[in-house]
Structure formats: C-alpha cells, structure tokens
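These are the structures, in structure tokens.
The two complexes that follow have chain A in common; it is paired with chain B in the first and with chain C in the second.
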Partner chain A sequence: MYFAQLAVNGLVQGLVISLAAMSITLVFGIVRFPNAATGDVMTVGAFSGLIVYPLTGSLLLSGVFAVAVAAAVALASHLLVFRRLAGRSVVALLVASIGVGFVLRSIMGLAFGHQPMVFSMPLSRPYRLGGLAINPLDLQLALLALVMLVLAFAILHLTPIGRQMRAVADNPALARVSGIRSGRVMAALWVLAGAIVGAGGVMLGVKTVVGPEMGWDMLMPAFAAAIFGGIGSPAGALLAGFILGVAQEMSTPFVGFTYKIALSFAIMLIVLLKRPSGLLGRIEGVR
Partner chain B sequence: MTFEAVDICKAFDGFEVLRNVSMSMPLDGLIGLIGPNGAGKSTLFSVISGFMPPSSGHVTFDGVSMNGMSASTRARAGMVRTFQVPKEFSHLSVRENLMAAAPGQAGENLTGLFLRPGLVRRQEDGLRKRADAVISFLRLDRVADSSAGLLSGGQKKLLELGRALMVEPKLILLDEPFAGVNPVLIGEIMERIRELNGRGIGFLIIEHDLDALTRLVSRLYVMDQGAILAEGEPVAVLADKAVRDAYLGGEA
Partner chain C sequence: MLSYLLAIVIITLIYLLLSFGLSLQYGSVGLINFGHVGFFAIGAYTSALLALSGVPLLASFCAAAIAAGLAAWPIGLISLRLRDDYFAIVTLGFSETVRIIIVSEKWLTNGVQGVPGIPRLFSSLPVGFEAQLATAALLLLVCAAAAFTIWRIINSPFGRVIQAIRDNEDALKALGKDPARFKIQVLMLSAALAGIAGAFYAHYITFIIPEQFVPLVTFYVWMAIIIGGVGRISGAIVGTVLLMTFLEGSRFMRDFIPGVSEVEMASLRIGVIGLLLVLFTLYRPQGLMGDYTKR
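This part shows the complex of A and B:
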C-alpha cells in the first residue's frame, strides 16, 4: 500500500515532467532543436500563477493566466531569437536557447528575488480511496494537466493547423511545396509549446516552491523523458514522463531523495540501450 | 487556353542543362515528354513548375506570364507537378495527406481556430469530402486511413496524383508516373489519367515506358542534351531517325 501511495504521488510528478517533455518534443519535432529555455518558460508560468493566485484565490484562473503568459513568452522567444536563427545548425539554436533561458532566469531573479516562494494553498483533507490518500489539490492539478494534454493532442490531430504541424515535422520540403505557410505553423507551435509548459510551471510551483531556478532544474528530467519517449513523439513524452515520475517516487525509499533523479536516468539509459528510438515512434520522419 | 514555354534556358555553373526549349500545348491536351536520362526533362519540369528560376525564357499559362511566381502560387493558379520519386507525409494518413495538399483554410492559425470554429468546421468538412472523392476516384478507399509511408510504390504514385487533384488543377505535370509500378496498376493509373483528361484537365507526362505512353498521349516531345529534338504524333516521332539514334540507340 505504501508503494501504491508513492505511485499515486509519482503520477502528479510525472504529469509535470510529461508537460515539459511534450513541449520539448513538439519543438524538436518541428523546429528541430532541443530547446533548453523550456524549463525557464515553465518558471515564467509558475511566477505568473503566483501573482494571480493571491488576487483571485482560484487555481483555475492562475493556471489560465500562467498558460497565457508562458505562451506569449515562448512566442516572443521564437519571434525575437529562434526565427532569426532558422537554418542554422542545431548547436547554434541549442546555445541560443540556453541564452534565452539565462535571460528569462535573470529577469525573474531581478523581479522576484531568489527567496523561495510558495502558493499558500488552504489545507484540505485528502480523499480516502481504499487505503490510498488522494489530495484534492493533486486532483485539481492533474485535471489542469490533463486538460492541457487533451487540448494539445486535439489541436495536433483534429485541426488543420495541427495537421500542418505534423506535415511540416514529417517532410518540410513537401510542406513548402504544398503551399503550407511555415511562419504561421511555427507561431502556432510556439504558442502551444509555451502553453503546455506554462501549465506544468503552475503545477510544479504548487507542489514545491517557486524560485527562478526551478524550471532549469526540471530541464534534465524533461529532456530525459522526451528522449526516452522517442524524440518527436508527444504520446511518447507523455508516457515517459509518467514512467519517470512514478519511478522516481517509488525509488525514494531505496536510494533516498537525493538520488532519485539519478535512478530515473539509469532507467532511461537501459531503455535506450535496448531501444534507441525511444518508447514510441516519432511525429517526424526518420532521415 | 494554352500552356507555353518559350526559349527556356537553364545553366548550372556554366553548364547548359536546357537550351532554348520551347513547347506549347492546349490546356486540355495529353502530351508526352521523352528523352534519354540526363536530357533535362525533370529540370524542365522544375523550371516550368517554379521550383527553379530559368536562366532565361518564360512560361505562360492560360495567357498569363508566370515568371517570378513561386511554386505554390503556380499551383494555386492551376499548374501542379508530381515527383519522379514520390514524396509523401509518411506519418500522416492518406486522407490527411490529401487534406494537407489544399492549404488556405481558416483553421490554419490558432486565432481562426478559436474565434471562428464554425467556419473552420465547415471548411474541414468540405475538405474531407473533396479528399474522400479523390480517394474513391483513385480507388484508395482501403488505405484511406493508413499511414502514407506504408503504401506500395504504385499507391504512392496514385497519392501523388491525388495530391495534385486536391488543388483543382488545370494542368498536371507527371514525372514518371509508371516507374516502378506493377503492370496492373499502370493500367489503373492510365485509366484515371484518361478520365481526368476527359474532364478537361491537361497532362504533360515524362515517362520511359514508351509503350504505355504512346497509347496514352496524342503528342510527343523528345528531348536530348537539353534541347527539343522532335515533336509530333507519337508513332511518327518514334519512327524518326534522329530520335531513334538519340533515344533508342538506333536499335529499336
């Protein structure tokens, strides 16, 4: 039962990783570089939520605001930086994204200071389900994450812009020939990637503490999940995030808090050695 | 209603790939283009369809000069091409491949998606109907929901044709539609081409399968070393001494 409880806790943790990994994998699949600023956009989401929460007392409104701000910041990073570097090497874009992350982190450090801050949530009695304690707050957070994930998958698979995103990821040359306007597709993609990770920021902020470094610290597990899931595959990122989150929590009794991240990396390494393309296929073509 | 290419020249690093190529055809014509490998046929297609600018010369379509127009603008004007090696969005379904080939929808940006959902849905429904019509015309119903990457070579050729049809073209440039396709499917593709031509869509077809091609087209252009060597009735052209020397090595 103890482990079942850890697994439940891990699911929420896993959702945060999933959201970040999905943002990374979407950008990688379509713009084709690993965006190291993803974590810091997440932090932007957390701080945005933190500003709105005391004013409204509504987690939903905080979440919506955080999603909007993070989406705007991600779009701005595209318009101001990444779009201008289109066609450069992956390394150039990666380094640029590390720089964008630095800038965001510094701005947030200046604006909010480095003291850890918390969402002061009212205490609530956990639901009892069998022997499991389920925190109502966790349920709300999970709901927020699921809404974002459903929205992302719906946009990708049920809308014209989503079809075009997948088309660009699949065969950029053919997409251009087909008259698909990549500028619009890119803008929509960055809004989506920012929105997803903004929701993750609020979740992480509510679960832990908010500080300028929080997103940067999430970057490695998020990258791990994106690669583990099969880079470019949103469904894979989702699945891998869950697995890493649950594995981290369940390993804590054995390896302690400090090494749980190391363990999730060990799992990732083993899977990748056996299956280099990750858990699931990718949205981009293999070439 | 004609298509004309006038004095097209194209040089790469001083090497002349196309030398004063001129051709003209009615927009509802069914024309073949043959020539040995390296004669410049595919390069001519690329220049005509706007994938490469010519070094000199111009293309007029339906009386309008197309110089300086991008490939997608030319496609919207009604002139589309297919590729020698079929291209597809391999992870999208056949239906999605077709739907992605007809851009210009309201749902192509997020604001349109959220602000005008009704319009987006209507356009999507219309687009899906068109895609389904193309799918059943090409007899691809059984694979409509499969990933395009899983299709056979011949089915990919049909999908290429389908993608061209989605932009409601007046003239389709087919680059080797029969290459690597089994004989049954070749007959099928020829049948579809005839049917489309009957509806007034013109075709300019590059093909090495002379047997199939001469049964299909009413006129034949022969290219050799970047220039037009001969043109006319297929049977007469293939009987021409110069053509036989250049293309058939003088034996056939």
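This part shows the complex of A and C:
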C-alpha cells in the first residue's frame, strides 16, 4: 500500500517531467538540438503563474497566463537566437541555449529574488480511495496538465500546422520541396514547446517552491525522459516522464532523496547505450 | 593589495588549467564536454581527503590527476558511441552525479558541510605572501608544462590525427587509424589536468563544499574558451584572463553601485555570462584569438 501511495505521488511529478520532456523532444526532433533553456522557460512559467494566482485565486487562469508567457518567451528565443543559428553546428545551438537559459535565470533572479516562494493554496482534505490518499490539488493539477496535453496532441495530429510540423520532423528536405513554409512551422513549434513547458512550470511551482533555479534542476530528468521516450516522439516523452516520475518516488525509500536525480541519469545512460531509439522513437543516429 | 592580486593570479591559473583541457577536447577531437567540473571536483576531493589522512602533498596531487583521469575513461568509452549533442547531455549528467555523490556520501566527504582545514601548499614557508608566491610559481610552472604538452600534441603526428578526427572521422578510419583510442586519450589527459586544477584549488582555498562544483563552473570555462577562441592555447589564455577580470571586477562593481545585494550581483553575473555566450556564438564564433583562415 505504501508503494502504491508513492506511485500515486509520483504520477504528478511524472506529469511535470513529461511536459518538460515533450517540449525538449519536439525541439530536438525538429530543430535538432537539445535545448538547455527548456528548464528556465519552465521557471518563467512558474513565476508568471505566481504573479497571477494571488490576483485571481484561480489555478486555471494562472495556468493560462503562464502558458502564454512561456510560449512568448520560447518564440522570442527562437526569433532572436536560434533561428539565426540555423545551419550552424550543434555546439553553437547548444551553447547558445545554455546562454539563453542563463539570461532567463538572471532576469528571474533579479526580478523576484532568490527567496523561495510558494503558491499559497488552501489546504484541503485528501480524498480516500481504498486506503490511498489523493490530494484534490493533485487532481486539479493533473487536470490542468491533461488539458495542455490534449491541446498539444490535437494541434500536432489534427491541425494542418501540426501535420506540417511532423512532416518537417520526418524529412526536412522533402517537406521543403512539398511547399511547406518552414518559417511559420518553426514559429508554431516554438510557441507549442514553450506553452507545454509553461504549464509544467506552474505545476512544479504549485507542488514545490518557486525559485530561479527550479527549472534548471528539472533539466536532467527531462532530458532523460525525452531520450528514454525516444527523441522526436511526444507520446514517448509522456510515457517516459510518467515512468521516471513514479520510479523516482518509488526508489526514494531505497536510495534516499538526493540520489533521485542520479537515477534519471542512470536510466538515460542505459537507454543510450542499449536502446538508443528509446521506447517509442525510431532508430536515429545517436551514435 | 599585492597578496590580493596574487590570489587572483592563482585562481586564474587554476581556471587556465581547466580551459586548456576543455579547449584541447573541443578544439581537437570535437568533444562537447559539459561536465568538466566533475573532474575538477574529483581532483579536489581526492587530494584534500588524502592529504588530511596524512599522505604527502606530492602524492595526493598525483592521486588527484590519476583519479580524475581514470574517471574519464568510462566517459571516453561512452563518447565513442554517442553523437556530440548526446555526449554533452551525458557529461552534464555525469558532473551532477559526481556532485550528488559528494553530497550524499557523508562518511567520506562530510556532505554539504564540506571538508575544512585542508593543508596548504608550502606550509613550511611563513603563512601569507611567501607561501602564496610559491604556490603561484608552481602553478605557473604546471600551466606552462600543460601548454607545452598541448602544443607538442597539436603539432605532433598524434595531433594531426586528432585534428583529422574532428574534421572527418570516417576518412580517418578508412586510413586505418583508430579514432577511438585518440579520443579517450585526449579526454583522460584533459581530465587529469582538471584533477590537478582541483587539487590546487582545494589546497589553496583549504575548504571545499559541493556547492563549489556546480555546472556553472563548467560554463565559466566554456565562456572563457569561446570568447578567447576555441582550440588555441592563446585563446584559452586570453579568454581565462578576461573571465577572471569580469568575475573579480563584478565584485568591485558592487562597491560602486550602491544597493546591489550579493545575490542580485550573482544573478547579474549569470546574465552577463549568458548574454556573452549567445552573442559570441551569434557574431564571433571564432572568438577573439580564433583562426580566421577557417570558417
């Protein structure tokens, strides 16, 4: 029962990892570099939510605002930096993304300080479900994430721009000769990637504390989940995020709190060496 | 004042050892190592803990180099099987894992409380200026030796093979050279340099905590070699000096701009580093001392 409870706790954590990993995997699959600024865009989302929450008292509204701000920041990072580095080596994009992340973290640190802040949520009695305690807040958060996920998958699979995105991911050259305007597709991609991770930021902020370093600390598990799920596969990232979140919680009694992060590193390493295509990805040259 | 300047020189030289290693890795074999601080930490803790248990400093410094070099061996094996960007993520994870192990294994490392009272170098000399001067001189010697070694490597048949690895790995394999061995050797050599740098750091600061070995240190070094120009000894030197000028200068800035707290300054520092990383990759990828004959 104890482990079942840990697994339930891990689900919300897993959703946060899933959202961050989806953002990474979308960018990695299409722009083809691991965006190290993803975590810091998440932080931006968390702080944006934190501003709106006391004003409105609505988790949904703060979520929407956070998603909008994070999407705008991601789009700006594309327009100002990453678009101009198209065609350059991976290391240029990678180093630039580290730089973008630092700038965002610096702005957050200067604007809000380094004191940890919290969403002051009203306390509520957990639902009892056959011995499992389920926090209503967790349910709300899961619902928020679900809305975001449904939206994301709907955009990817049901709209023309989503189809074009997947076409570019599949085969950029073929997509271009078929008349897909890659500029618009790229902009849409970055908006979507930012929006997804912004929602994750609010969730993480509500579950833990909000600080300038929070997103950076999520980067390792998020990269691990993106690789575990298979680069370029949003569904894989979702699944892998859940597995990692639950695995982290369930391993805590054995390995202790601090080794949780090392666990995701170990999983990532094993996946890269043994099954580089991940859970749902296709074989792509990781070697 | 003089001993303060000397302190800056010592820290600069320590960072220079880190820059040399990273520059050699990226500039020669094209390895994107985002976890250099991990080797630095291994060196610092190895030497500090050995020295505290009575091992002579010369031996503990050697042990630091060997431990860091050996830690690079499995990383090198992994690097052979991964594309550059995946390798960057893996090394970043490696350095974080090293830090987590240091935090968690309190029986060995005293966890977040850190290791105090690490013996200084040249403790027989009077404390203060002379000991510092001797440390700086020794460091300068080590840096010069490292620079000479790297220069020899780059200009040897071995070095030409290394550069060929970066430029066209497949062609090199077709010529019957084994790029794998070279990559691992370069990685281990620069890790050993980072280990020595760590040992110097530990015995100079005399107090180490896990917080000193965060990924930010790696990116400081990246900033130095990107600004200076990747793959050149002169680039590493210019970049490192500029980096230290900036880091130390920002400390003085606080005296001139009133009302800026230490944490705000730290944020500002990260922001400037980030901005420089972005601007240099955008507008001056060769760095200041870069090779303009190539793209």
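Convention: the second predicted complex is superposed on the first by the 272 of 287 C-alpha atoms of A that agree within 3 Å, B and C clash if a C-alpha of one lies under 4 Å from a C-alpha of the other, contacts with A are read in each partner's own complex, and residues count from 1 in each chain.
In this section, a contact is a pair of C-beta atoms (placed from the backbone, for glycine too) under 8 Å apart; a residue touches a chain by one contact, two chains touch by 3 or more.
Everything numeric in this text was worked out from a predicted model, so none of it was measured.
Chemist: With the two structures overlaid on chain A, would chain B and chain C clash, or do they fit side by side?
Modeler: The answer is fit.
Chemist: Would you please give the vertex angle at the Cα centre of chain A, with arms pointing to the Cα centres of chain B and chain C, as a multiple of 10°?
Modeler: 100
Chemist: Could you look at A:G278 and tell me whether it touches chain B, chain C, both or neither (first, second, both, neither)?
Modeler: Once the two structures are laid over each other on A, A:G278 reaches no partner at all.
Chemist: Check whether A:I180 is in contact with chain B, with chain C, with both or with neither, and answer first, second, both or neither.
Modeler: Only chain B is touched by A:I180; chain C is not.
Chemist: Of the partners chain B and chain C, which touch A:N171 in the superposed model: first, second, both, neither?
Modeler: In the superposition, A:N171 touches chain B alone.
Chemist: Once the structures are superposed on A, label A:G10 by its partner contacts, choosing first (chain B), second (chain C), both or neither.
Modeler: Neither partner.
Chemist: Give one of first, second, both or neither to describe whether A:L110 is in contact with chain B, with chain C, with both, or with none.
Modeler: In the superposed model, A:L110 contacts chain C only, not chain B.
Chemist: Check the residue A:G198 against both partner chains and state whether it touches chain B (first), chain C (second), both, or neither.
Modeler: After superposing on A, A:G198 lies clear of both chain B and chain C.
Chemist: If you stack the two complexes on chain A, which partner ends up touching A:A188: first (chain B), second (chain C), both, or neither?
Modeler: A:A188 sits against chain B, while chain C stays out of touch.
Chemist: Which partner does A:G101 contact after superposing on A: first (chain B), second (chain C), both, neither?
Modeler: Second partner only.
Chemist: With both structures placed on chain A, which of the two partners, chain B or chain C, ends up touching more residues of chain A?
Modeler: C
Chemist: Please state the minimum Cα-Cα separation between chain B and chain C in the superposed model, rounded to the nearest whole Å.
Modeler: Comparing every C-alpha of chain B with every C-alpha of chain C, the smallest gap is 21 Å.
Chemist: List the residues of chain A that touch chain B in one complex and chain C in the other.
Modeler: 285
Chemist: Name, in rising order, each residue of chain A that touches chain B in their complex.
Modeler: Residues 155, 159-161, 163-164, 166-167, 169-171, 173-181, 184-185, 187-188, 191-192, 281-285.
Chemist: Touching chain C in the complex: which residues of chain A?
Modeler: 33-34, 81, 84-85, 88, 90-92, 94-96, 98-107, 109-110, 113-114, 212, 220, 223-224, 227, 256, 258-259, 261-262, 264-265, 268-269, 272-273, 285-287
Chemist: How about chain C: which of its residues touch chain A in the complex?
Modeler: Within the complex, chain C contacts chain A at residues 26, 32, 78, 81-86, 88-90, 92-94, 96-97, 100-101, 103-104, 219, 222, 226, 263-264, 266-278, 281-282, 285.
Chemist: Which bits of chain B are touching chain A when the two form their complex?
Modeler: 51, 71-72, 75-76, 87-92, 96, 99-101, 103-110, 113, 120, 123-124, 127, 149, 163, 167
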